[in-house]
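These are the structures in question, set out in turn.
In what follows, chain A forms one complex with chain B and a second complex with chain C.
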Partner chain A sequence: MLTYIAHRLLTLIPMVIVISFLIYLGLELTPGDAVSHMIPPDAYGSMDPDRLQELRESLGLGQPFFVRYWIWISGVVQGDFGYSLAGGVPIADIFLDRLPATLELSFAALLISTILGSILGTISALTRGSATDQGLTVVGMLGVSIPEFFFGLVAILVFAINLDWLPVGGRTLPGYDSFWDRLPNLVMPALVLSIMMTAGVMRYARSSMLDALSRDFIRTARSKGMPEWRVNILHGFRVALTPVIVLIGFRLPVLIGGSVIIEQVFQWPGIGKEFVSAVRSQDYPLVMMVALFSVLAVLIASLIVDLLTAIIDPRVRLGE
Partner chain B sequence: MEHDVALTVKGLKTYFYNNNRCNRAIDGVSFEIRQGKTLCIVGESGCGKSVTAASIMQLLPTLSRIEEGEITYHGPDGPVRIDALDRGGAQMRSIRGKEIAMIFQDPMTALNPVYSIGFQIKEMLMYHTGLGRRARHDKAIDLLASMGIPLPERRVNDYPHLYSGGMRQRAMIAIAMSCNPRILIADEPTTALDVTIQAQIFELMETLKRDNGTAIMLITHDMGVVAELADDVAVMYMGNIVEAGPVGTVMRNPVHPYTRALLDSIPVLGRGKDQEIKAIPGQTPDPYDRPKGCQFADRCMHRIDKCDEMPPETQVSDDHRVMCWRYQEFASNGR
Partner chain C sequence: MVDAPITRPRTRRDGQFDRLRDRETSMQGKAKRGGRFLGKFLSNRLALVGFVIFAIICLMSLFAPLLAQHDPMSPNLRAIAQPPSVEHWFGTDKTGRDIFARVLYGGRVSILVGLGSALLSALIGVIIGVYSGYVGGWLDWIAMRVSEIFMSFPQIILVLLLVAILGQSLLNLIVIFTLTGWGGIYRMARARMLSIREEEYVQALRSFGLGPARIAYKHMLPNALGPIMVNITLSTAAFILQEAGLSFLGLGVPLSIPTWGNILNAAQDLRVLEQNWWIWLPVGATISLFVLSVNFIGDGLRDATDPSQQG
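After this line comes the complex of A and B, so read on.
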């Protein structure tokens, strides 16, 4: 197991290198460069081209593409993420400041969608064809097809403005720092962010559960004279779980993508919100780091999924 | 005589409902399983063998139910009407597994892949015996050992995918036999296995029958197996038992054309490759569009007009019965 984890972590390195290169290349191909963003557009045209060139040289922009990539990536590896163009703040500081909020939101949404999705999917499968099942199917279709920001706006309108149960947005108020103080603020964005994933997990858990329940070992389990809940949960659900976990792993990018939008809707001070403003202000160093971070998050999550699968399903033997 | 009967089935009718159509999968079946004896139920696929087993275990699919008839289990505490019990109720569950256990056709899929063999044996012990954790574990090892699994102390923790096909079926039998059931129902237990393994499994079942006095109901489509193992035999065709009796009588003096056709369709070792193997002409009828009378009539070469009427169950002798209008002619011409 440990050698497998080490092996997987090692294979992450080339993947991260390739992806970081693609990110860097992508931004290189966008029109303009750092200098054209540092100088206001109206001043840019009237400036002496030699001065601009001088500025580029002094910023290291005159060097060949690969050299610049190398300088950037070796800095990142050593923990030097560079500076935000917009405020001149070290990007590492922005991450330290904003990352906990994003992780909090994503984990909450992941937890909700995994638990709620599997439970609803199981109920749906066990009551197949009933009104409950059909109702859940309709809800699932709506959840998958209606965009999250719409749910977010409706939720704000209903629960924050009309009913006044929950705060409109934001994460903390000054002076209230504990998790329990923040909880009311977390509820709405986490629930809204989890809707799409919950619906997906539910649909998948339903079909996976139906598949498991139609297998021969369910009949064997029944023939032992065990109560129906044990047959369904211990034998059915346990077997149905493996594909569901794999699906959740695959859906993680959706969650990260969704958090960008949801953080915007709920004014949640996370990386996603930072990302949107960075793109708007063409703050390329920051955009690159956020993109790289998302990639790392997905890669590590898929490693965790593989490990979980091995724990749940004894037929999966890692690295042998 | 009566006390050594383990299970009586009388006039059992089990119907399946599908798209507002009714399939009379079992249409009036009667038999009894004697303690310490093997009853073989033979017949083609779809004749209702497995449905009979599922009816006894109350493990029928949701869209089917027992319409008529009696299934009586003669347990140590007096007779129990199984057909009257609630499918998932506590009383049925206490019989299922403990008193009547079952092994299935394909050991590759009948065991849950995510639990160890030991877990799946101990699960049964947990529900039907008062044994503690430690005792259950020891018992599971004992059971595997008695099924001839080598190194049972280690294999008990192995998962099904680490077992071979024959070993899995042994493990299935270990599960089924774990609570010393009075009746073991085996639904084509060797169909998915090699012929050599088949012999081992049957040998094991014979031993269990002899040592524990377990009554066995063996479902098969293999007449060779019947000749080898059965004490009694019941030949099923399209939901009816067309002929039943002690194996010697039925094999030596078959009086139903279907039984005779089945016996004729087996190649016999030693007769050489030129021997004539008579296949039964035609196909089994559509269960939704059955013949009015004798179900076998359309494929029978002895058909007469009267066969449009369902023949009654007739006793040929004390323990030999048949459902055929013309059985007397076949009985007299011998074989």
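After this line comes the complex of A and C, so read on.
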């Protein structure tokens, strides 16, 4: 097991290094540099080129590309993420400020889609071929076909504007102290964000459950005279759930992707919303750090999934 | 059902066992006759419905100049934010442009982006995947690592990162989608090649002295076409959704070109959302319907080409 973990880590680290290098290289290719972003465009043209050059030298921009990359990446490793071009705020502060909102939204959506998706998928598998099953299949198809933000817009119109049950958007207001105060704000974005993933989990849970129900141990359980519901829940569902949990780890990129747009729709003050405005205002240092951290999140999630599978299924780690 | 005659007295267990066996046999019969047949019939019918919707939307976009009585770009200040009427079927937007015309013309660009990016990424993915999957070696190793790098990004983060680097334009968007999308189809093509590499006909061709490129592209590729077709349809659907999402954020196709996402962009304004439903609701429904139809086609193709997926 230890060698397996070591092996996975050894393939992970070069990957992170290469990706961080590519991100740095990509942003190197963008027009302008830190100096031209710091000085307002109208003042930039009238400035003395020598002064500009001096400023570049003092910021270390005159050094060769690889040296600058090294300075940047060693800073990142030590927790110095640099500064946002908008207002010169340290990026670490932006992360600390915005990350809780994104995590709250993502975990809520993850929870909803896991529970709802596996229940609906199991129902679909148990009633296989019936009207319920086919209805659920079509509903699942609708779930992956309708753009999430369109769901969001309709939800705002119906539940926030027309029925006035839930707030239009935002996360906290002055006077909100506890999680329960802002729960009404969380409900809509979390539900909308979970739709696409619920549909995915449902589809996967259905086929996983069908697979489990066709195994020999199910037949054994039935022949022992075990009631049908116990066969399904205790034996079928439990076995079918394991691959579904693994799938959820792999769904993390989908979740991050969805939250970028959903945060915008509901004005949820998370990393995704920050990322979109950074791309709009060409705040490259911030764009770079968000991209790097989302890659890290995905790689770590897939590492955890791999380790979990190795624990559950000895064939995986012995095969290495 | 022929049973050996029971000589001992029947117990409660015997009755229970008979009921169990009856249930199992009756379920088997149902699965064969009812479930699968009905499921297959329905899925094909859905694929057919999907194809009809797909064709209607494509044709309407293609013949947009004939169907739309108004210009999609020219503002009309005398008809600002008009609700649907005989003159303007879907109403007009905030600058008085006819929304029906914009949806039709927008469909041209959105479908072009979706289908174009899907075909281009399939082309790249298949060319690399088929060859490197068959030949293996260092070429395969490099291609695999490159695709891993692309796939460790959440797709939308990579797309937005590339938008930040390359800038916003229609062509850039297609290039970006192609760059971010080729990995999936490459892996699928490669896996398919690996599984048929050791088949006898391939070994026979090799022993005849055929070159690797000829074996890979001419003789093995046709056996992998089914899943590739499915993948192209599903990624068309995904790209159309992504274009809509990006343009909704204002970061996709430049706002001056009408696309489905750009029309929806107006709904970021809460007043439009509340008071002018016709500006965003019909477009959103059109996107949903189109993507749904493409997904139905994809599912139908999968059922038709891959018997192991049924159930």
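Simple rule for what comes next: the second predicted complex is superposed on the first by the 279 of 320 C-alpha atoms of A that agree within 3 Å, B and C clash if a C-alpha of one lies under 4 Å from a C-alpha of the other, contacts with A are read in each partner's own complex, and residues count from 1 in each chain.
As a working rule, contacts are C-beta pairs under 8 Å (C-beta built on N, C-alpha and C of every residue); 3 or more make two chains touch, one makes a residue touch a chain.
Since we're looking at a predicted model, the values are computed, not measured.
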Once the two structures are overlaid on chain A, check if chain B and chain C clash or fit side by side.
clash
Where does A:Pro227 make contact in the superposed view: on chain B (first), on chain C (second), on both, or on neither?
first
With the two complexes superposed on chain A, say which partner A:Gly79 touches: chain B (first), chain C (second), both, or neither.
neither
Looking at chain A, does chain C or chain B touch more of its residues?
C
By the touch definition at the top of the document, which applies to A:Ile19: first (chain B), second (chain C), both, or neither?
second
Touch test for A:Pro49: chain B only (first), chain C only (second), both, or neither?
neither
Quick one: classify A:Asp216 as touching chain B (first), chain C (second), both or neither.
first
Give one of first, second, both or neither to describe whether A:Pro64 is in contact with chain B, with chain C, with both, or with none.
neither
Chain B region in steric overlap with chain C, selected from 57-65, 165-173, 201-209 or 291-299:
57-65
Residue overlap on chain A between the chain B contact set and the chain C contact set?
219, 222-223, 225
Write out the stretch or stretches of chain B touching chain A in their complex.
57, 59, 88, 92-98, 101-102, 104, 106, 109-116, 123-124, 127-128, 159, 161, 172, 175
Quick check: in the complex, which residue numbers of chain A touch chain C?
15, 18-19, 22-23, 26-27, 29-30, 128-129, 134, 138, 141-142, 144-150, 153-154, 156-157, 161, 168, 207, 210, 219, 222-223, 225, 252-254, 256-257, 260-261, 264, 275-276, 278-280, 282, 284, 287, 290-291, 294-295, 298-299, 302
In the complex, go through chain A and note every residue touching chain B.
215-217, 219-228, 235, 238-239, 242, 312-315
Mind pulling up the chain C residues that touch chain A in the complex?
13, 16-17, 20, 24, 30-31, 34-36, 38-39, 42, 46, 148-149, 152-158, 160-165, 237, 241, 244-245, 248-251, 264, 267-268, 270, 273-274, 277, 280-281, 284, 287-288, 291-292, 295-296, 299, 311
